[in-house]
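Next up, some structures in structure tokens.
You will see subunit A twice below: alongside subunit B first, and alongside subunit C after that.
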Partner chain A sequence: MGKSYPTIAFYPDRCDGCNQCVEACAEFHSGTRNPAHSRIKVSQDGEEGAFFLALCRQCGEPRCVPSCPAGALKKDIDTGVVSLDESKCVSCQLCTLACPYGGITYNPITHQVMKCDFCDGDPVCVKACPRGALELKTGSDIYNGWGDLEDLFVPGISACQGCNSELLIRHTLRRIGPNTVVATPPGCIPGVGAVGFNGVTATKTPIFHPLLTNTAAMLAGIRRYYNRIGRDVTMLAFAGDGGTADVGFQSLSGAAERGEQMIYICVDNEGYMNTGVQRSSTTPYGAWTSTTPVGTVLRGKSRDAKPMALLMVMHNCEYVATACMTFMEDYYAKLEKAVEAAKRGMAYIHVFSPCPTGWRFPPSKLIEVGRKAVETNMVPLWEYEAEARCIDFTHPVEDPLPVKAYLSLIGKYNHLDEEQVAHIQRKTDERIETLKKFTREGDVKPIQDAA
Partner chain B sequence: MSHSNYLIIGSSHAALSALEAIRIQDTEGSITLVTQEDTLPYSPTILPYVISGQIDPEQIFLRDAEALDRHRVTFKKGARVVAVDPANHSVSMDSGETLKYEKMLLATGAEPTLPPIPGVKDASCHVLRTLGDAVRLQSIAQKAKSAIILGAGLIGMHAAENLAKAGVQIAIVEALPRVLPGYFDEQAAGLVQQVFTEHGIKILTGSTVTHVTASNGTCTVSLESGGELSGDLLLVATGVRARMDYLAGSGIDIGEGIVVDDTMRTSSRDIWAAGDVAEARSFFGGKKRVNANLPNAVEQGRIAGMDMVGDSALKPFTGGIARNAYHFFGHRAFSVGLVGRAESAGGIEVDQVFLPSSVQYQKMVFEDDRLVAVSGVNTMLDPGIMYELVRQRVDLSEVKARFAAGPLQMGRILMSKIWG
Partner chain C sequence: MARTIVCDGNEAAAWGVALSRPDMVAVYPITPQSSLAEYISQFVADGIIQADLMDVEGEHSVLSVLQGACLAGARTFTATCGQGLAFMFEPYFRTPPLRLPIVMSIVTRDGITPQCVWGGQQDAMTVREAGWVHMYCENNQEILDTVIMAYRIAEHRDVMLPVNVNHDGNYLSYGVEKVEIPDQEEVDAFLGEKNTNWHAALDPDRPMGVDPLTGGAGGLGPALFVRYRKGLCKGMQNALGVITEVHKEWEKTSGRSYAPLIEEYRLEDADYAIMTIGSMTGAGKDAVDAAREAGERIGLVKIKTFRPFPLQALREALRKVKAVGVVDRSVSFGWNFGPVYQELLSAMYFLNRHIPAVSFIGGLAGADITVDHFNRVIETTAMALHGEVFSEPVWLNENDQSPGSDRVSQ
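Our next item is the complex of A and B:
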């Protein structure tokens, strides 16, 4: 398995040009605070006032490395850092001509080129920034950590291009491991071949195909049997929003209330995607589906979506969370808690699952759609732990983008008029206000079983 | 008989770039890398530093044996290709061996040419292209007191500086009116020449050599102007040509180099060519020509490798642009595009700053609000960003005044906005 590496992210909006990163870099590498020695460079656009960064990207396929005639530049496979061996460098400068990012530059004092070396893994620029404009992103640790675990989902399944579910299933199964029984009721996930054909399954764990109505009930029964014979086996459901919020709701509600031990993952692609894009109770207001068409009278769905995750908070669950695959670190942290919580009762994770085919957006935009959904607060990321009896936002969005930034990415919202957009904005704001009431600072506590 | 999925002839920049590109997509296919050199892969560009002793010849290699192993490459050194048979997908080696291939890259680079000056051939002159040449020159430099260099291109100038650093008295003779004519205009070249002169190197530009004589280990060069120069050593660096003699009878299209299209395919199926040996489309004007420099070899090698392996991320060659970075006696210069030639055409604007006393020069040439050439001596610009601005034909009409006032900052800002 290939390796991923940490990166330094720059948030221009938070930068005020104080130059502390530049001086810290110079000091670390030369002992003086003279900016000429800095590998990180901040530029300001005089007219727009915005700040820009020139810094080595530690490219996966660096252009500087093959352009060095001295073999002085190398991509270090362990750290990901493109390193410069000054003892070999002859200062020919060809690397500065190869790099399109201004990431390797000439130092007129030392007469040598210089570049970011990541300060042995703990960049001083990041620590020096008083405004959080530089962040060390270590999301790659996840891939390195879990990447070595066995992928329990076979290659060659027949998901649409850009399908969120494949990403979700691979990561989830890696983390939860083979000691698991998976239930996946009718929907896209069995549709892509997860439950298999010709007598073989697509998972390397036991997997079965319950009815739409009884996923949670069946897993409850299996778990109780294992409890009886003294085996600790994880119960895991991958169910669509139809199988969760509509047709399967009664059995899920009952299992949650009884405290059945399982991880129930709702893969919410906001409708019945595999049967031809019909509406479900989680289809958002205004969305086009084949049963909420756009014409002269109807303008997409006329009702708001059911707040499924919040309903589960009211169900005595041990753990409830929302998630989005764009925010993988967040998802892994939640899976971690879900695994523990499922030993005591129900852990419910509601995964926002954009669908390129049914929602009409290019497959390449999956991750971007997820990011915008979160950054507009259309899909707030939060978790609820029974012990704390409150909701915590796990990725609070201080300055949400207008919902339009999200809606405009997706074909199923193409037809929306100003009034509809205003409605969605209002509902989004209201939803956040409602959720805030359940946080530590809020004054509402969810109902909880005395026992 | 050896058979490879990928056969790469040459082991320098173009070859190694192609190798990396292939291995990103195909970790299994067999790759054979062939070089006529007896050593691990190295770059000709490093050789001047071997002459001065700045770099140990053992330290110049671009890949060690372990790295080649990791890429599962069969590395054949000391093996020269003498003929290519496209119909049979095979090449013949000087050893008599035949190598079969499915796909082949020709990355055999260039070789020095000797000018048709009477006496040159008999004067036991030196050239500089291989490690062997460099090691020989290094040992001669330890004894030689003086040297004459014909040609003030990059090779001649690099060699001159490094021979001077090894303690040799140098005279350079160049037929054209200025040094580094391919890369710099009169003013920039003048600054370079000034620095060389200050370091005791004699440069005679606009001087034609009529004949060369050699006796008792001393070479004498006679000039058209009537003068004469003598030295213990004669280095000829007047030009290079594509190394493609082995293609005779192969039917592959050649001109000044091996003719290739925008994905480096030659006229023959399953054969690609890249680097100093290839004749590819020019960015300006579109005419096919050899663009013999290192960045070009790296880029063409990568494109060839990606096309050979069918990498869907391949973006075709956008055309060769003359570019170089040059470090001399602690000064730095670079150029992108044809700084000298561009001025003569219409629709052209030139912005220059010339400060000879501090050895500084900067020149930017715009055509229809796009940067088409830029060069600098001791200016703080990011050459790679300038190159991308030219290559992407970035429209600067909105920002031109600000760009001209602060090209370093504005270049970085445009980079962040457009491709960063």
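Our next item is the complex of A and C:
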């Protein structure tokens, strides 16, 4: 994986234009609070408009660097900062033209250009902002940490472009590591060669095809034997929604009831994508699939999706979470908890897994589809820990977008009429209300007593 | 010292399991297997079996957890029958090609519908093509001994196949007999080190992809698939010799001798024979003895090993007689004869030995096959010997009546 770096995020809706960031920057770099010395600039779009920020993005491939005839600018591979060597700068100002973000500016007092140097990794502007409009995002540390771990999945597998499963598997296996047995029942994941074709395999850990129906049971048998002989080996399932919520539900339910120790990841692409896009019990209402077709009589699936993750909460699991790969840090945190929980019993993660091929959206939109799913509350991100006995939203959406903002991105919803959209909106709102009842603030608790 | 107890067939099987020291046993109850599951569970509770007890939610998972454990290196056991076997079928027919040496008792039961909880061999016979070794026991001592032998056969490097040790529901499962329980040390020495996953393992110490997609329209796939299939056939073929050898060794250990593939009974000077399988054989032998007393030159052939099919072992037996009557406890639908009869016809073609044969079907749904029934079998087979042709099976219990149940006969 390429290296990524910390960055300063700006939230325009929290900014009131107080300029304290500007003054702090000026003071740190010049000893005066004169905004002319500030590397960060805040402007407003008209008198009532939104605030916006002019600040160096520390680009991955900075345009300013090759524009400099003196070689004064360079990208530091270790810190990610685009640094300016003032001793080489000839003040030609070409870099200010090359930067599309207004991130390099001319200082009329010193007659030199200047740019953000990230304050040695601890930007003063962020600390100065009284409204939290600036945040230092250090998620890159997590990515880099994971990037240093071995990729246990070979390159060159035959997944579709924009496949969420490949993203999920690579990131997950890096963390779980080689002391693992991976089960992946028939579906897209073995379909791309994860278990292998004709005597070769794509995975560096032990991996196997369970049946579509018995993933949890087979893993349980393996783990029990390793417990018996005193070896701590992690059991990991990547199972689709069919192998989890439909035909595999019984063995999963039984394994959860018995407290079998495993990390069971349901890769929910909302149907049988590998066999030609047929419906499953997690296919959402209204969705087109090849067995819930759209015609003059039928208009896609007529039933709502099975609330699989919530069902697992009611199974005495040690840990249950929903996840979306757009929110990778959220997933990382959950996987960490799942690793610990699986030492005591079942950890279940339900991963929302958009499928460009089966859902009819461009592969380039995978991450955006995930974001919109979460921001519309179609896919709420939450977790349940056995000790807490309640649900916590891990990415609460205070002011959700209308579901149409999500539905309109995806071809399988193209045919929806207003009534169907209204149904989806109502069910989405109801689902959030139901989930809220299981949170610490909700009126149904604790969960096991309610069950 | 070996000790003698009085027990039913299900308990005898459980003692066979205990002596074989499995690492994992999985249980799910179904009549008439249930008490076997209970004995196993109690033995674990009492420390007689020091295994993990997987008390799972259905037969499908029963076999699935054992497959997982076996791939990790465990010696395993379970038991089922009837609808349980039907529910288990998906992992069941995957076990042989995975070459997992799992041992499982089928406490044979007839199939529904009509709804039926009683004995019959429809369950085991229906799955005879799936690739498991199938051995049928005649009495409770043979059940115990065969369970132990089954591990030696299953785990033999030249076999590496799962083994079903079948005993008749009701007659053996609940029938009580004297059974000798061998010493643990004897069994330990007989079985040796377990050998379950040298060929395919789910173990981070020797990582491999188990069961990748194999086949396809071109490339190496189809040939590779054929290699796996032929390998399974080879394992089956090898099992014939291994079963024979293991029975001989068990005789040295235990002093008890069983015919490993087929048993010939009073066949030396026989003109004709009846063929039996499982617990009916006792009544069959009594009927043969009585007929001998009456001057009939009749013998009996008992099938112990039905898979692999004991073709060559039948050669000698069939050479000795001029007609044979086959008693089945199940139906081969479509042929509408008994499956053992049907396979005997195939065997005769292979052996170039063409003699009259009659199909008898009896003992369905728990019905008794008595000496009287066998007398009919003998009489009818004698008619075939003298030229009469039977183009349909004889259903032994078709006209059975018990006192007071005249509704059946109307």
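We take it that the second predicted complex is superposed on the first by the 441 of 451 C-alpha atoms of A that agree within 3 Å, B and C clash if a C-alpha of one lies under 4 Å from a C-alpha of the other, contacts with A are read in each partner's own complex, and residues count from 1 in each chain.
Here is the rule we use: a contact is a pair of C-beta atoms (placed from the backbone, for glycine too) under 8 Å apart; a residue touches a chain by one contact, two chains touch by 3 or more.
Bear in mind that the values here come from a model prediction, so they are computed numbers and not experimental data.
Student: Between subunit B and subunit C, positioned on subunit A by superposition, is the outcome a clash or a fit?
Tutor: Taken together on subunit A, subunit C would fit alongside subunit B, as the superposition shows.
Student: Please determine whether it is subunit B or subunit C that touches the greater number of subunit A residues.
Tutor: After superposing on chain A, more of subunit A is contacted by C.
Student: Would you sort A:R440 into first (subunit B), second (subunit C), both or neither based on which partner it touches?
Tutor: Neither partner.
Student: Is A:T180 contacted by the first partner subunit B, the second partner subunit C, both or neither?
Tutor: After superposing on A, A:T180 lies in contact with subunit C but is clear of subunit B.
Student: Is A:H111 contacted by the first partner subunit B, the second partner subunit C, both or neither?
Tutor: first
Student: For A:D45, decide between first (touching subunit B), second (touching subunit C), both and neither.
Tutor: The first partner, subunit B, only.
Student: Quick one: is A:A70 in contact with subunit B, with subunit C, with both, or with neither? Answer first, second, both or neither.
Tutor: It touches subunit B, and subunit C stays clear.
Student: Looking at subunit B versus subunit C in the superposed three-chain picture, what is their shortest Cα distance in Å?
Tutor: 32
Student: On subunit A, which stretch or stretches are contacted by subunit B in one complex as well as by subunit C in the other?
Tutor: On subunit A, the subunit B and subunit C contacts do not overlap at all.
Student: Would you mind writing out the residues of subunit A in touch with subunit C in their complex?
Tutor: Residues in contact with subunit C: 178-181, 190-191, 193, 195-211, 213-214, 217-226, 228-229, 233, 250-251, 253-255, 257-258.
Student: Taking the complex as given, what residues does subunit C use to touch subunit A?
Tutor: Residue positions touching the partner: 23-24, 26, 52, 54-58, 60-61, 64-74, 90-91, 94, 201-204, 207-216, 219-221, 224.
Student: Mind listing the subunit B positions that touch subunit A in their complex?
Tutor: 13, 16-17, 20, 24, 43-46, 49, 54-55, 59-63, 294-295, 298, 301-302, 323-327, 330, 332, 334, 336, 378, 380, 382-385, 387-388, 402, 409, 411-413, 415-417, 419-420
Student: So in the complex, which bits of subunit A are touching subunit B?
Tutor: On the subunit A side, the touching residues are 41, 43-47, 52-54, 61, 63, 66-67, 69-71, 88, 90-94, 96-102, 105-106, 108, 111.
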